[in-house]
Amino acid sequence: MSLHLSLQSIAELVGGKIEQGDPQSIITGINSIAEAVEGELTFLGNERYLPALQSTRASAVLVGPSFTLQLPGKALIRVDNPTFSFTSAIRHFGKSDAVLEVGVHPQAVVSNKARFNPQKVSIAAGAVIGDDVEIGDGCRIGALCSIGAGAKLGEDCLLHPGSIVGPRSLLGNRVVLQSGAVVGSDGFGYELIKGRHVKVDQIGIAQLDDDVEVGANSTIDRARFGRTWIGEGTKIDNLVQIAHNAVIGKHCVIVAHTGIAGSVRMGDYVTIAGFVGVAGHLEICSQVIILAKSGVTKNITEPGAYVGFPAKPLMEGRRQMTAASKVPELLQRLRELERQVAALKGEAPQAKDSKE
Amino acid sequence: MSLHLSLQSIAELVGGKIEQGDPQSIITGINSIAEAVEGELTFLGNERYLPALQSTRASAVLVGPSFTLQLPGKALIRVDNPTFSFTSAIRHFGKSDAVLEVGVHPQAVVSNKARFNPQKVSIAAGAVIGDDVEIGDGCRIGALCSIGAGAKLGEDCLLHPGSIVGPRSLLGNRVVLQSGAVVGSDGFGYELIKGRHVKVDQIGIAQLDDDVEVGANSTIDRARFGRTWIGEGTKIDNLVQIAHNAVIGKHCVIVAHTGIAGSVRMGDYVTIAGFVGVAGHLEICSQVIILAKSGVTKNITEPGAYVGFPAKPLMEGRRQMTAASKVPELLQRLRELERQVAALKGEAPQAKDSKE
Amino acid sequence: MSLHLSLQSIAELVGGKIEQGDPQSIITGINSIAEAVEGELTFLGNERYLPALQSTRASAVLVGPSFTLQLPGKALIRVDNPTFSFTSAIRHFGKSDAVLEVGVHPQAVVSNKARFNPQKVSIAAGAVIGDDVEIGDGCRIGALCSIGAGAKLGEDCLLHPGSIVGPRSLLGNRVVLQSGAVVGSDGFGYELIKGRHVKVDQIGIAQLDDDVEVGANSTIDRARFGRTWIGEGTKIDNLVQIAHNAVIGKHCVIVAHTGIAGSVRMGDYVTIAGFVGVAGHLEICSQVIILAKSGVTKNITEPGAYVGFPAKPLMEGRRQMTAASKVPELLQRLRELERQVAALKGEAPQAKDSKE
């Protein structure tokens, strides 16, 4: 990323204060600590990178309020939140991806029963839009997306290439689907009848409220009936599975490789780290954090952090983890005790003997 | 879902008996316990929902043989299997998705060497059908599906939009692929030669027998040679990986986020819960259940339930899980014992002293 | 796979020595131990298959240097590496998939700003190629692939149907994407501002160096800025997630269902088995093996094998696993000791009493 701006201008742009360095020096680019070269600006977003910072080739660094290190020869701009300020700088100068052109690409396949304002949406080549689909103004539908019959999209949705929206799905405003995301696949429900798994019809829908984002190749099954429902502002990472009839609250964060089984009810501001499984029909209250690789097997009714499989409150979980690591030592101590007790029992008769 | 039918008609439709309520009262819709409103029919499919049932706004409920609760003001229809009867009702009244129209969409891309009866199959816009593909009567190929050269589909298969069938794959009758499913990708096989991973050619195929269903974004690699083979009636959930040369038996159920490594042989009626890994080249006999998040590291030769990593018989696994949760307490008890034994050892010399 | 070749010719082809059998006998096909029929050649690539070998119907077997079993009635060819030799035989005789025809399919959608030699690349039906894309000679772009604006592909890349390359991604030479692979999706980064998760712009790229292969439905997020970078020769299996700004070294192997979190730095020749999670910002040095289902929570600075969650050196991990399986027994032994110590303490006062 190339630019040409004085340190002073950068400081103004990010709302920071120059603590060190020549305000007239020229910044020529923006980059990470590891990849920056001379002339570029970087930032310290995480204390982990302090050692790396010592050897960065960047000429200027955005640092936070608590930064106290000496960095001779580097320009320093102090800001409240280096990560956020850096993002602002990127947004200002960054080369962003080409915006999809407004209008319907001649090689898109759009039902004449679909409803949208062709002056205000963008539909790329190879997209297939079904009957009775409604698309709000400002939506951008990427190449090779499929939107099934009767689906409705609010305004300003962004469907990256190859994302798929099943029939009758409902998407709010500003919903983002990364490539390969599937919304509205059939739920996984069968009845075993005479030795065969007979499909339980899945005729509900998937509903994604405003500002939901779904990661690449994640899957959100539609409900058996009613709806699988992702609340406003919830963000879902890549390769996540949300099963039929699950109801996820608002402003949750669900990290990659997580699976939420059928009919789970989850409150608001729940954070689920990667590789977590939540068993079917459970309830998880608001303000819960589930740590990575946990498995939730019971309702969680108290806010807080949980860990392990089965998931338990963080303190208890950590205690068990620590204890588990001591089992080999524990086995040795037990063996030693057994030896001592055997010896004591051996001594006791001797003692008795000596008394007689 | 909107309808207008007397309770009496509903009872007849589902083959149930009205236990409570006016047979002439009108049912206006079908919905889940939580989402139903007045006038609607719901069902009790799982005892977990008994508390929810007490506060449902539904006017009528399908209940099973063992249901004994008092539900004043609600109409009750007793049936053998509420879940199944409810499904029948849904099937009868539900608005189903638009059926794909028979014929080949003008914007599908179909090789003139593909063989099928255009009066009896449906191929949607954007689908790409390769040379020498055979498609049986009644098949529905969704938008943006790709079927590689030489693949063969039996009758009545349903490929949801964006599913992919690799070259020469064999699909039986009534096979269903959810969106984003990939059948016939290359197996993951390399030889390390002079410091580089050299691809081992993967020239086999993937074969899915009658009534197999593959979930959204699941992947089934083709065999190195021969075939990766999914037996009749087996159902696979979303985001499942089946590696090359695996042979899965009939009527198995494989839940989301599971991975079956290469050359595994699995019997019939095996149920694999979510997030399970099965290591390569293992055999699992018929009638086995593997619980969620387990890792199978050895052959399983006895029917039954298995749990844990490494997976072990359920009883043993549960005992270990329970024991694991007691390790912190166990540590405390060990410390206490060590104290006591030290004290005993301290007393013994005293006792000896006192004897002298 | 059908062929008609003397045993002698096969031996010459694979560079092996006939140890048993008539050199003039005719081999009619190539198959696995389990699926081979009379007249066919198979191979023993893994000692696990020794029992199966005893009952194979194959007429000839490739065996390795250490093979000593008696196999009456079978022809035996001894080679250095049966797996590799078998592959050579397959490559020689195997029916390979139809090669994509050179040229741009009339139903591909190619920007007139894309740069490539139409005589030397193959672009299949339904592929969508964006503005300013560069495609090297020998590349084969499968059906329904999407290549975003400004992406660059080296020579001889192979994109299987339905794979997706995001804008400005960089692919080296001979890069292979299996179907459904997504390269260059947005990283999962948000800042919580006034109760809402606000997207942190992801404006970097994903870079895949020469000979990288990415499995079906795997996802590689682009960097927030700079690049997510997969080193030369690294092979990635299906359903793997590589988060933004991760840097993976050369010649690594990453097995299915693994997730590498953001900004991880990984050395060369790292092998990561299935279902492994690596937490964000960690460093893993070269020549490390992480066993299946492990979770890496700290930097790994020493080559070697690691296992467990949290991941620890193999010996320590195995010791803990073994110890964990002994906890139920340990509990019993502790109870027994407590009983004995209580008895000893009970005896001690008696002993004292008896002294008085």
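Each chain carries a letter (A, B and C) given by its place in the written order, and its residues are counted from 1.
Here is the rule we use: contacts are C-beta pairs under 8 Å (C-beta built on N, C-alpha and C of every residue); 3 or more make two chains touch, one makes a residue touch a chain.
Because the structure is predicted, anything quoted here is derived from the model rather than measured.
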Can you tell me, using the touch rule above, whether these chains form a line, ring, star, complete graph or other shape? complete
Does the chain B and chain C pair touch with the same residues on each side or with different residues, judged by whether over half of the numbers are shared? different
Using the average of all C-alpha atoms in each chain as its centre, how far is it in Å between chain B and chain C? 24
Shared-interface residues of chain B (touching two or more other chains) are 126, 144, 162, 180, 217, 239, 257, 275, 324, 327, 330, 334, 337, 341, 344, 351, 355
Applying the document's contact rule, which stretches of chain A touch chain B when the two form their complex? 109, 126, 128, 130-131, 144, 146, 148-150, 162, 164, 166-168, 180, 182, 185-186, 188, 190-191, 195-197, 199-201, 203, 217-219, 221, 223, 225-227, 239, 241, 243, 245, 257, 259, 261, 275, 277, 279, 281, 295, 309-310, 319-320, 322-324, 326-327, 330, 333-334, 337, 340-341, 344, 347, 351, 354-355
For a test of understanding, state which residues of chain B touch chain A in their complex under the given definition. 1, 30-32, 34-35, 46, 48, 81, 83-84, 87, 90-91, 94-98, 105, 107, 124-126, 142-144, 160-162, 176, 178-180, 211, 213, 215-217, 233, 235, 237-239, 251, 253, 255-257, 274-275, 292-293, 321, 324-325, 327-328, 330-331, 334, 337-338, 341, 344-345, 348, 351-352, 355
